[in-house]
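I've put the structures underneath this note.
Common to both upcoming complexes is chain A, partnered first by chain B, then by chain C.
Here is the complex of A and B:
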């Protein structure tokens, strides 16, 4: 989970992901942030995301991001 | 529509580029985002440099430049041309038609058929379909297909989602009858209910361009400044559309052609960006070596000219000297998505030109 927070902070240092308990409000991550995040995760966890999992609802909380990593074969 | 075109071939191809090449790094300051965040997209999306026309350039300029080159080099002769088809989203005028501008500028015969159609990134597949149908009535005359776009004029320079990937270019393709040509299997779909995923809201008969429509605003609240005269792309919707529809389309087209993925030497697709193509290749289980992904990083996404630029850049002289089994696919505004299997080879020429536009 720490790595996910690290990646999110790198993308949006101005947003306090920890205080928001991992909930990512609408509009914080745009589609290009999601693509950047997917690329970071794929390199870190050695997974390849199914393209159809790259949808905003899988990136609206740290928990949902962890779930989609697990779904695509990553260990977290 | 699913059909087989028989006895038709592509016998020559030109890519025509603008002179001006702009580096992604030099435009990063235009965008309303932290530079580091924007630069991260360079590797992921394939943003490196793109070709942009001068302000005075119109879409027909590329076509006239290319056709005059072909006529001067005798790659095609005027009396061999039976029809010209132009597919573009950026015509010079509402009237006259781009095909008639080319016809007049190049001094073609009065019995040459001129056709313009409006189609976005699926332009090449759409144009080939029309060219093949027109050839049924052309005998030994040739059809010249022009896919040309100057979309940089319709995208806001302050739109980080679209401007870095835009590239202006034209593809000029000579198509003719040949009884010995292998069958071409063609497959195309449309879904007009999703038409607003890619839209230029103003400038047509629905909403005329005005001072009001030219004002730059953060309309989507996403940090990108666009006017209603600019192209607006719903990136997430287009991504999901491509990843959902195109793999099914390719499998279906190959099945229709009774081919396997292993039978295909080259998958020559429209190239919106590197990330999308990699994900498509993964989904289709096609090796990256068989699906070139290098057009956006070299020229930008040339919209309707994307596949000809892809063929000229990646195959070039090889399709003059050899023959390859190819699967072409294009997808974009409409929404429209199509694919075809075709043998490319034995062309008379396949060259890239840099124009002074």
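Here is the complex of A and C:
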């Protein structure tokens, strides 16, 4: 999980991802952030995301991001 | 705020469109905003942005969008951002409309699609962003504002797109008040400097790594093809002994042999390309699916 927080902080250092959930609903992450995040995750966890999994609801919280990494074969 | 327009339309998609709309909301423009979303992807966020801010959101086929725009009778400022449609003359000729397009190059260089990849592949020293008026030719209208970006060999297509999006938003914030007031000036593009129009189906060297290139050209090609998870141009490929291969990961090493050397490691499925004292390592090399049908490793 630490790595996910690290990636999110790299994208938006001004936002407190630990205290807040709903990063899509809150408009913190936009579509380009999601692509950047998936790129970082794929590199780190040596996985390739299924295109159907790259949807906003899978990136709304750290927990949902961890779940989609696991779904695509990554180990958290 | 003294406004020259009765409404604003944003046509397009993507994070820059979304961030420009957020800025319009932040400065409280007293006229309605309408979004026409085009090129919708799984990760589009414009619809939810519209819903949470009470903005009219329209998602219809492009023919219907253009019919709507051609019939507008109010003074309207239209921003075309992240939109791949070619706007027809019936819309451009509507005198009630001022149509402004965002393009991610220093026009007149690199008009058309995927400019970020072409500037990297062609090893340009600079690129930039342009906000310009739309006329009957693609990316050829009068320039409102440009910003230059010096390029170095750290940029990939994805990182350059991201950098350009940020710069484009900053520039949008600079020009928006004058645009809304109708007091902004513009100037013609130098037609003699106009670059070749890049079409959507064009990919640098058709996506094929040429092993006879210099190491710098090889690296430029690989960075140009790198859209991360956006995968806009698909996977690059290389032909070795008449077999086409693709790979999972590319690593640039700042050391290597001065003479050309190609090392294929069949046990660990990687390819090392050494030239000019540098090395490129292609990891996870595998035969391309579809060529032989099996997609097997080396």
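Quick note on the criterion: the second predicted complex is superposed on the first by the 71 of 76 C-alpha atoms of A that agree within 3 Å, B and C clash if a C-alpha of one lies under 4 Å from a C-alpha of the other, contacts with A are read in each partner's own complex, and residues count from 1 in each chain.
Here, a residue touches a chain if its C-beta (ideal position, glycine included) is under 8 Å from a C-beta of that chain, and two chains touch if they have at least 3 such contacts.
Treat the numbers as computed from the prediction; the structure is a model and nothing was measured.
**Q** Looking at the overlay, does A:50 come into contact with chain B only (first), chain C only (second), both, or neither?
**A** So A:50 only meets chain B here.
**Q** For A:8 in the superposed arrangement: first (chain B), second (chain C), both or neither?
**A** A:8 sits against neither chain B nor chain C.
**Q** Once the shared chain is lined up, is A:42 touching chain B (first), chain C (second), both, or neither of them?
**A** Touch partner of A:42: chain C, not chain B.
**Q** Name the contact category of A:24: first (chain B only), second (chain C only), both, or neither.
**A** The second partner, chain C, only.
**Q** For A:68, select first, second, both or neither according to whether it touches chain B, chain C, the two together, or no partner.
**A** So A:68 meets neither chain B nor chain C here.
**Q** Look at A:32 in the shared chain and tell me whether it touches chain B only, chain C only, both, or neither; answer first, second, both or neither.
**A** Once the two structures are laid over each other on A, A:32 reaches both partners.
**Q** Is there a shared patch on chain A that both chain B and chain C touch, and which residues make it up?
**A** In chain A, positions 27, 30-36, 39, 48-49, 51-52, 54-56 sit in both the chain B and chain C interfaces.
**Q** Could you pull out which chain A residues touch chain C in their complex?
**A** Residues 24-25, 27, 30-36, 38-39, 42-43, 48-49, 51-52, 54-56 of chain A touch chain C in their complex.
**Q** How about chain A: which of its residues touch chain B in the complex?
**A** 11, 27, 30-36, 39, 48-52, 54-56
**Q** What residues of chain B sit close enough to touch chain A in their complex?
**A** Within the complex, chain B contacts chain A at residues 37, 40-41, 44-45, 160-161, 221-223, 235-236, 239-240, 243-244, 275, 279-280, 282-283.
**Q** Quick one: which bits of chain C touch chain A in the complex? Just the residue numbers, please.
**A** Answer in residue numbers: 14-16, 18-19, 22, 41-45, 48-49, 52, 158, 161-162, 165, 228-230, 248-249.
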